[in-house]
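Presented sequentially are two complexes of chain A, the first with chain B as partner and the second with chain C.
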Partner chain A sequence: MSEWPGQLLVSVLALPVTGAALCLPLHRISDRVATAWTLLVTTVTCAGAFMVSVRVSHVGPFSHHLGGWLAPWGIELRADQFGALVGLAAPVFALVVFYGVRYSRHAVEAARRGPYDALLLINLGGLLGFSFTGDLFNLFVFMELFSLSAYALVAYGKQKVAAAASFRYLVMGAFSSLLVLFSIGLLYQLTGTLNMADMAYRLADGVPHRPVVLAFGALALGFMTKAAVFPLHLWLPDAHAAAPSPVSAILSGLVVKMGIVGLIRTYDIFQGAGGVDLPTFNMGLSTLGAIAIVFGAVLALIQDDIKLMLAYSTVSNIGYIAVGLGLFNESGLTGASIHIFNHAVIKAALFLALGALTFRTGYRTVSDLRGIGRRMPITVGALSVAVISVVGVPPTAGFVTKWYLAVGAVAAARPLLAATLVFSALVMLIYYLRIVNAFYFRPAVHEEVERAVDPPLDMLAPVVLLSGASLALGLIAQVPIGIALPGVMRLLGGG
Partner chain B sequence: MTMLLDRADYVLAIILFLIGLYALVAKSNLIKKIIGLNIMETAVFIFIITGGLARDGSPPLVTQDTTSPYHDPVSQTIVLVGIVVAVSVTALALSLVTRIHAEHGTIEADELRGGR
Partner chain C sequence: MPVEVWDIRPALAPMVSFVCALLVFIGGSRAGWRRFWSMSAALLKFIIVASMLPGTVGGVAYTFRFAEFAPGIGIGFRADALGMAFATVSSLLWVVATVYSIGYMKGERSLGRFFGFFALCVSATVALALAENLLTLFIFYEVLTISAYPLVVHDETPEALRAGRTYFTYTLTGGGVILLGIAMTYVVSDGVLAFGHNGIVPPDTTPAVLAILFVMLTLGFGVKAAIMPLHGWLPRAMVAPTPVSALLHAVAVVKAGAFGVVRTVHDVFGVELLRQTWLPDALAYLAAFTIIAASVMALLQDNLKRRLAYSTVSQLSYVLLGIALLNPWAAVAAVVHIANQAVQKVTMFFAAGAIQRTTGKTNISEMSGIGRRMPATMGAFGVAALGFTGMPLLAGFISKWHMSVGGFDSGMWWVALVMAASALLNAAYWFPMLYLAFFKPVSEEPTLGEARPSLLYPTLVCAVLVILLGLVSDLPGMPLSIARTAVAQAFGM
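For the complex of A and B:
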């Protein structure tokens, strides 16, 4: 069991969490050393996670048994196709941290920068651990790692609303974690195991129905709250808008997706369980998703604050993923799972580009930032590309997702759902056209905007790379689809 | 009725959970919300612990004279980790409340909403 893929899996999880512990003492010595350390750990970890994904795409899922204790008794680390999609998005995290070096110097006071770096690394460890574990209780522990660090990171926001937004996020998050823990306890009492694969096997073997349904409900509700599926999204807009821009990028791009990964794990566990009515649940999920799409798009339309607009757009995009999961056919699930990755890239590009505008001008609303397009051409150009991608204009990454979802909706004989997808794409087009129009074709109203120039290369490069990726991923969409497809087939019961 | 008595531990856990939920939802004071959250957490811990107890069981320690049946060690481990998490959440929440109080001068949720 001591082959290199297993060791790689262990180090990808252990490195960021242990590395975080060193951030605080290093920060006492020198700010530069601590920053270099954070960058080094993030880069190595994300490269490792990416390698895990590459291996999954070449040879399929693989496991590592911690301490040599075989499953179901020991803790099994497992990299499957959906975990690999998160691993594929790990470079996004690295780019955000890279961008964040200069940004955090400007947004976070010196004394609080050590914990800030540490929290980022813990968050990374939690995200990857959550995606790469085969043990349900292990999943809970990693979930708490990324959740707690996320609550604390939101509180780094400068505005007065930040602490209250963080508190609301914490209460909702703690409540959903509690539901998940309750479900884990119940499932353990029912099956006597914590290994997810073993649990699925035993649940299919005839366990009393009513407690199983209760466990399913608690687990699904907990993860839906984490994913901010409508109407459980109330904590999201304020939290994502109040956080510093790099944190918003991570929260919107990766942290909410963990709820989706959790839902996929729930499907895995309850696949054959008696008493759980998955088709009804899926019907509900896709309906909620459709409402979320429209609701998020309309609320985004009326925001002047661009960060709030992007946060509501996340609600809408989570709706897309929920629709795809709820359709539960090949196209729908493929669209949903690649959107986990695509949306991470697109939303990170958007938040980072907006962060660069705020960094230079101090403003963050559409009306204040009028005329910025001519002053910061590269940043606003990158922003516009990402905008086109999130709306879903071909040939961008966003288009691929929506295409798959629409095909899935038609295949499931739900034309109304397909119509919703198209309608909301139009609404999104309006609100993004509004941004582009204000940025390029309106005269500037503030002096700071007149004087602004593109940010330095270390901030500009991540923005350009991410927005380039959001365009390129439409052209090389076979890569994430190729990774997701075997996993989708497994969910559909093909093996 | 006998079933309820048989499962008195579960009934207790459910009652505690509901009390906590009431405090979390209905109380406006943020500290009381945190207390409510803690009560709910305790209810879940009780549920998991009592589910792992054996009738007339001994502690799950391997010694010379360990006799079966013994209580399930995994349930207890789960709850131990759960307590650690709960303490961290509470600590973070309390520190947020001090910051909210410093910035807004109140820790009542309804006053916070009004003055935004």
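For the complex of A and C:
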């Protein structure tokens, strides 16, 4: 029972949450010590999560039963392929925190920095716990951990809208949590278990049952809100744009993906449940996804504020994932699952690069940042690479996703969907070009821009690493695909 | 079928120049460093490509595959005869073009960016020429699209930015259509995308699906091949510096489109399968229309670079026409014209650039007597112009001859008429200019003499190539012989 992978799983979940508790007292002692502690905990946790993913990719999913109590009775921690994809993205979190050290000195006042660090660690614990649990109630607890910390982190934004955005995020988030909790209660009543695998087994008798459908609806709707699937995305743009850049990177890159992971868990649970019409749900999901892609793209391109543009691009990218899930065939699901990881890398690169520009100049709109390309060549170069990746131009990570989704749509005989996938990205590229043109080919309008230089190495390195990864992951795509594929096969009922 | 031999060179050729391109970006602000790595990239790549030529002649296809990107498809390279025909020309001309652009761009700004993307473009071109499967080809096709953009907008004027946007709108839309076509091919062929089997698409595909696929792939690639009415981006992209125009219009971008169509016909569908459909005929008529219509458009242009642009539109459709006839003779014409047109057009662009840099003139009507002032430059220009009119012993003749024979051979006599009309139109828009240049009096007083050596010598080298390609093109390793090998493989001979 007490083999090392299981212990690793436990420590990956326990470490950040307990570590967060120490942040506040340490901060009283010294700012430096608290920062070092946060970095240490993040690094160790993320390395651990990464190792869990490596283990899953080598030997397949594994479980740990807390206290040795076996599955239906005890609490099960489980690392499956989709959790492993989140674990694979954990280094993104670590890089963001590294970057955030200097950034938060500049963006967060000293007195609020202790809670800020603690919230980050709680968020990390919530994300990983959510991904690595086999128990539906624990899923809810971890969901609340990352959600509550996210609401608070948004409020750290300096602009006036931050408080309002945070509040709106809180309301929508609470609504979705309520739905999930309601569904969990219902499911517990129906099946007498909280273990997800056991629940799926008990629901698979195929008897149509109205409360089962209700539970499915509530769970799916709750997770769709968390994932900001159109039209439940309303909370997202302001929240992601108002937060400090490192927080935006985490929210857009990882936190919204939890809704997607939740949806995949929903599929797992209701796979054979009677009365649940998955094909119809999938048709609806892929259609909403397609609308989200176009909607997000169009709204992104009318923004002057680059952060809002990136936030709408997240709406669009969640649309891609929703389309892939809704297609529910091998290519579609593969595309969707690897995009959980790919988009985390790409979007983090974009937000961090933009954060660096804001850090140096104080500006964040396309028109204010004209001419910055010559002053901060490495940062803007990294930003350009990430832009090319996010719109899915080969040979980047974004292209791999687009390819899988396009093949999935063609295989499902939905050419219109395939065309939407391909061409909305092109529309975006044409307008992203506006940014690149403004940065490189237009004269500067502000003196701050003229004086700017690339940020110090501790901020620059994460940006360059993430941007390089968003390019390289197109060439070594077999790594995430290799992890995702067995999970996809399981969802499709093939093993 | 060629024998496949595992060898790293097909992958090495683009990789070496990608690395050099990166080095150019990194230290691009220093002229010496920039020059050294630009030249290294060009030379190393040419040496690697040339070292594979004996193998190609001997019926070997060097192959190298990276780890699979997804089940059944990976990034892979394979130097077959068709790919080598394109790769050899582009890597050779790149060496010349690099020398020329070092001379031409002297004193301009943002040169690190310029030479970095210049190198990236040609690396991507060689990579797509040697691509082993359709997806690899597409990946580098798009890399080429992206890396040509900073060159088009190099001047950073509003006009250049507008041209860049037009360029992106056309080419990326084409790229999107190609991507959909490839995804469809992948589904239809059950996961096969590799070239070299005279067709990926299974023979039992329904005619409707075949038609959709063919239209998507040929028109998608046709955007860069500037087939009418998809040619609008090309004349506008003329705002770019002249070496870029030469590169875009002769070596890299447009030829990538034409090459894509050749691959589509020979390796995606296969000659046998297409013979049973009306699809290639439709392509042939469209190409014939483009040849004539673009030449007429060229007649109307006074700006030399714009006239060259429309001439390019016309000449590219030679390749499409030749490939669409599904006849071995015409196919040889198509493949060899990739080389012939490249060399001739580069010569003319270099000459045009030399004139512009030396005298500041860009319009043909101002070039009265320029041949007396710059006899060597204009002489080179004249050789290439004669080549385009199909004068025997020059490169263009080889293409026209094979094309006409192919037309008669396949029962399409009108092809020879199109060739004759095109020759006449070429004469109509180049001869008056040559007359103006050599026989009219010099319009203004100060005689400046020839262009500087770094502009003149590359131009002359290209002119010599035009003659060589007309005289000894069937020697082993020269374009005609490679084209024959490529066509023999495609037609299963």
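The rule is simple: the second predicted complex is superposed on the first by the 492 of 495 C-alpha atoms of A that agree within 3 Å, B and C clash if a C-alpha of one lies under 4 Å from a C-alpha of the other, contacts with A are read in each partner's own complex, and residues count from 1 in each chain.
Rule of thumb we're sticking to: a residue touches a chain if its C-beta (ideal position, glycine included) is under 8 Å from a C-beta of that chain, and two chains touch if they have at least 3 such contacts.
Quick caveat: nothing in here was measured; it's all calculated off a predicted structure.
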item	value
Contacts of A:155 with chain B and chain C, given as first, second, both or neither	first
Partner chain in contact with A:137 - chain B first, chain C second, else both or neither	first
Which superposed partner A:62 touches (first chain B, second chain C, both, neither)	neither
Partner chain(s) touched by A:201 [first = chain B, second = chain C, both, neither]	neither
Chain B versus chain C as contact partner of A:170, first or second or both or neither	first
Which superposed partner A:411 touches (first chain B, second chain C, both, neither)	second
Partner chain in contact with A:185 - chain B first, chain C second, else both or neither	first
In the complex, chain C residues that touch chain A	66-70, 75, 135, 138-140, 142-143, 146, 150, 153, 156, 161, 164-165, 168-169, 172-173, 175-176, 179-180, 183-184, 186-187
Chain A to chain B touching residues, read off their complex	137, 140-141, 144, 148, 151-152, 155, 160-161, 163-164, 166-167, 170-171, 174-175, 177-178, 181-182, 184-186, 188-189, 194
Complex contact set, residues of chain A against chain C	388, 393-395, 399-400, 402-404, 406-407, 409-411, 415, 418-419, 422-423, 425-426, 429-430, 433, 437, 440-441, 475-478, 481
For the chain B and chain A complex, residues of the former touching the latter	24, 30, 33, 37, 40-41, 44, 47-48, 51-52, 74-75, 78, 81-82, 85, 88-89, 92-93, 96-97, 99-100, 103-104, 112, 116
